[in-house]
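The following pair of complexes shares a single chain, chain A, combined with chain B in the former and chain C in the latter.
Moving on, here comes the complex of A and B:
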């Protein structure tokens, strides 16, 4: 016997739905329309045009900054996943009684303030920062290293620091269905360390790892705070241009076009990666629990 | 219970990862007690002067008050709207469930930059002046998905038989919610509200665009990071860290406690447990 669908309780979602439609969906739609209007100071006017997008793609600085965004986003995502993978593996299979404490430390660092973490890297990487002083005191360098701060490297390091805890947690959850006994079975059947990783662990974490990669990539590439505080003159990124358009120059139409061009870029990346997963059938890997 | 596997390589990665995550934060904490304004080694002695400076600064105090107002309003409103939404969604079987879940989840997927500028455009368009109210609205959009995901998971884990039994015995929907559902999930909901508070208290990326002339603690930190380094930033940062950790511990304890209670209850198969005295409800 099939019960009729219960609709009544859905009424309770109405305030939240209304709130999100008015304060999230509608502003985004308005924002999309803005990108096709003619800009004037802190406002827009008719007629509809694609001039803003033309300007976005024809400005040289956007090309440089776009490349920076892409490189920093990709590197931050790549390193987050590469560092998080062994950490998640250790937490799942080797942590023993340390698991609780290490998980606590990881989640706690995740909740640490975003701006504080960026600031902390300034004190770490600066000319007189902890890393330079540390290397000097153990005699590895005589002169402070200047390439640590105010460039793409510093931005990438801070972004990895910001997103690493999240990626560890996602991958740790992704490993949950893979019982330790499966690894033992693989071992008993003669699979070495490399084979166990390649044939058992990696196919299972591929899907969560890719989704975490995308998340870090998008949030890093669209960041406008870290590049301003740690990027110096060479580490600028596209997000900063969007911020300047809205807060500095007041060119709303151009800013909207720039932001939507970025969004379109993210959607393309997302589609390509989803397609890649499907072609390799990695999105179908499941383990019975 | 399976034994743990030895894995020295991943163990080394984990140690390195923890050092990477915590060394910069501990450094900030250490230098918040530095007796001089220098942010570099050698460490010349302990002093609480930067904390004194923070606590005696009117600007910081008013920024912190604003942050408290915004975060408290955000947490309470999210608690209300999010609980309604999660309860309504989990207790209905309408075909709209899928699209609505997507809508509730969507704000997480978008970088804060886009949410911030879109709201700025919308508020400017309708000539709604920027204030702490617009910040609170923006924060609601930002924290809602986090709260919703936690609340929905907690509500889905409940044994539906309890609510059905209560309804069969003649309890109204409101009574079922108040006497059966809420006593089981409130610790998780309060924990999620604490998370919402913490997220809002620390939010900068969206706030920057919709704040207008007011200030919040992250806005204050941002403006002093843009100027020359003011050593009291270490003290503010440390206080902020301690505060977030405290919220996290509260959330964590509430969740653990609620999970223990839930396990204890499901062990009691006797349906009479429903009519017995209920512990822990005021």
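Moving on, here comes the complex of A and C:
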């Protein structure tokens, strides 16, 4: 019997590559070109220029909002990973018969609309929200706390809530190959609970944790909806500026330059974190096969 | 998540209604209004007078609609669609600027047959060659309009040469909106909102041009002709007002929600319809009044975008929107004003009470229709400058 002809990997991946080229790379390149053109009203025109980038970096408001984006992105990513890690660990090693149900609930939480979750936090953190009402009812405060809402804190809390399920799943998957026997062996060799975490769990979970961190960081720092609804006067972020450039002022060239400046910032952050992994040699840590 | 969901939320009907004013209020300056009212020559187009009775064209097929959700007035137009076998493919926006963005990005023939614009955008849309002339011979119901809305005043809907570019069908005015549960007496001036008692209690919709228009009006300037030097006074007022907020609301709906939730007490650039929205949410303590300085009004018009291919159906739609019953039903759905005089009688009391139709001239004199700031000018504050300064004002408000 004749063996069926072998299909090369290039052929198999061609549709995905084509899709990526058409729907991602090509628009990205187009906007890269836009960012060096001269802005016209809802259009772009020659000549080529670097003025858009100059304006991006010389505008004070961009620096202010850029700092906000960086801080909110880092905090959201950090807290997401810090909260998700023990949850993923518990799911992997201690959840027992609850594992299926908890995983289902985590996945089910994706069904809740992004905006519903943001508004839920407004209901919780507002002047007449559940937290203020609760604290008042038990006599801890006389006046509602105003600092809970409409600031960076509120934006960060909502973003952590939104991205936490993703991070738990990523870390749970990252822990999956780490058999309980690893930890038992470490215990047999005299490692205490903290040492087992520090020398076994963390090095092995470092790579997925960093991936999850970057995932949350990029999406949080670039978000432009949450800051508008929860950020108030002190929680504005840079993503809103990109939206304003494209839709508000119709300055596509400036908007593209701003978006690419943000992209460059993300690449720098990624490079720094990758460098950190390399310097600590955590990038070399692999599960034994 | 992200933009699509955001846009969907922004344009869900009720929220659209709550927010419509936000974007609709981005207006600019109109000239003397009273002079226009009652000018019979302006009310009837030359073409109507010379070419015999106007007649609406037959409508058929699919109409591609681009504007706010709700502005396709599905229920009021139900009979018209059914009788003519018309189907509507609607594309809803989350921000007025999306209209020109979509039309320019899609180019002529972007596929839309009917859009709306509000009057302040007329110069920009002409600059962008978005608006096609409308054949008044196919719009017999134009005769139903209030004299002001039928006039050429401001060239908002009719060019100085008589070319019609829009059919005004809904409008409103803004004022100070308060929640009387916490604000016991209505302030008499916009500047009262700067008082220390309102620190952190002011709601402010994220409407750069609307806010600029209002602040310019309060300072005594025409927002479409505010010099760069005078503009600084306007921006200063906006900075001080923004510092009174805990944050600018992305929409009128959000500003209403903020007030009903107790996170704000009073609204800069409020809107009478907010009273109704709050009532719908179970809070009947909202009141809106135009203070002593007056305010500004906004009016949305149906228009034909360049490249429209179902022109007759779009014109028939526009004509139908001026049938008194349809115009009144649209006002009910949108919690807005009617442009058709005979429609007032069909309005329920709560909607009719939003505006004093018996004193329309006086109302529009105190709260005129304005044009937006110009697209380009060395002398006056421009549209782009307003947008950019607004972002700075929002960012700086947190450190004020």
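The criterion applied here is as follows: the second predicted complex is superposed on the first by the 265 of 289 C-alpha atoms of A that agree within 3 Å, B and C clash if a C-alpha of one lies under 4 Å from a C-alpha of the other, contacts with A are read in each partner's own complex, and residues count from 1 in each chain.
The criterion applied here is as follows: contacts are C-beta pairs under 8 Å (C-beta built on N, C-alpha and C of every residue); 3 or more make two chains touch, one makes a residue touch a chain.
Note that this is a predicted model, so its numbers are computed, not measured.
Enquirer: After the overlay on chain A, what do you see for chain B versus chain C, clash or fit?
Expert: clash
Enquirer: May I ask you to decide whether A:194 touches chain B, chain C, both, or neither, giving the answer as first, second, both or neither?
Expert: It touches nothing on chain B or chain C.
Enquirer: With both complexes superposed on chain A, which partner does A:279 reach: first (chain B), second (chain C), both or neither?
Expert: Once the two structures are laid over each other on A, A:279 reaches no partner at all.
Enquirer: Which of the two partners, first being chain B and second being chain C, lies in contact with A:233: first, second, both, or neither?
Expert: So A:233 only meets chain C here.
Enquirer: Using the superposition on chain A described above, determine whether A:89 touches chain B (first), chain C (second), both, or neither.
Expert: first
Enquirer: In the overlay, work out which of chain B or chain C sits against more residues of chain A.
Expert: Between chain B and chain C, the winner on chain A residue contacts is B.
Enquirer: Tell me the contact category for A:115 with respect to chain B and chain C: first, second, both or neither.
Expert: both
Enquirer: May I ask you to decide whether A:64 touches chain B, chain C, both, or neither, giving the answer as first, second, both or neither?
Expert: Only chain C is touched by A:64; chain B is not.
Enquirer: After the superposition on A, what does A:247 contact: first (chain B), second (chain C), both or neither?
Expert: both
Enquirer: Tell me the contact category for A:48 with respect to chain B and chain C: first, second, both or neither.
Expert: neither
Enquirer: For A:11, select first, second, both or neither according to whether it touches chain B, chain C, the two together, or no partner.
Expert: Only chain B; A:11 stays clear of chain C.
Enquirer: With both structures aligned on chain A, tell me which stretch of chain C collides with chain B: 3-11, 57-65 or 237-245.
Expert: 3-11
Enquirer: Would you mind listing the overlap between the chain B footprint and the chain C footprint on chain A?
Expert: 42-43, 113-115, 122-123, 126, 128-129, 223, 225, 228-229, 246-247
Enquirer: Mind pulling up the chain A residues that touch chain C in the complex?
Expert: Chain A residues touching chain C: 41-43, 60-61, 64-65, 113-115, 122-123, 126-129, 146, 149-151, 162, 223, 225, 228-229, 231-236, 240-241, 244, 246-251.
Enquirer: Which bits of chain B are touching chain A when the two form their complex?
Expert: For chain B paired with chain A, touching residues are 2-7, 9-11, 13-14, 16-18, 20-25, 27-28, 31, 39-41, 81-82, 84-85, 87-89, 91-97, 100, 103-104, 106-107, 109-111, 113-115, 117-122, 124-125, 137-138, 140-141, 144, 148, 198, 202, 204-205, 208-209, 218, 221-222, 225-226, 229, 233, 237, 240-241, 244-245, 247-248, 252.
Enquirer: Spell out the residues on chain C that touch chain A in their complex, using ranges where they run on.
Expert: By the definition above, chain C touches chain A via 1-3, 5-6, 9, 95, 97-98, 100-101, 104-105, 124, 127-128, 200, 206, 208, 242-243, 245-248, 250, 254, 257, 261-263, 375, 383-384, 387-388, 391-392, 394-395, 397-400.
Enquirer: In the complex formed with chain B, which residues of chain A make contact?
Expert: 3, 5-13, 15-17, 19-20, 23-28, 30-31, 34, 42-43, 83-84, 86-87, 89-91, 93-96, 102, 104-109, 111-124, 126, 128-130, 133-134, 137, 161, 164-165, 168, 179-181, 183-184, 218-219, 222-225, 228-229, 239, 242-243, 246-247, 252, 255-256, 259, 263
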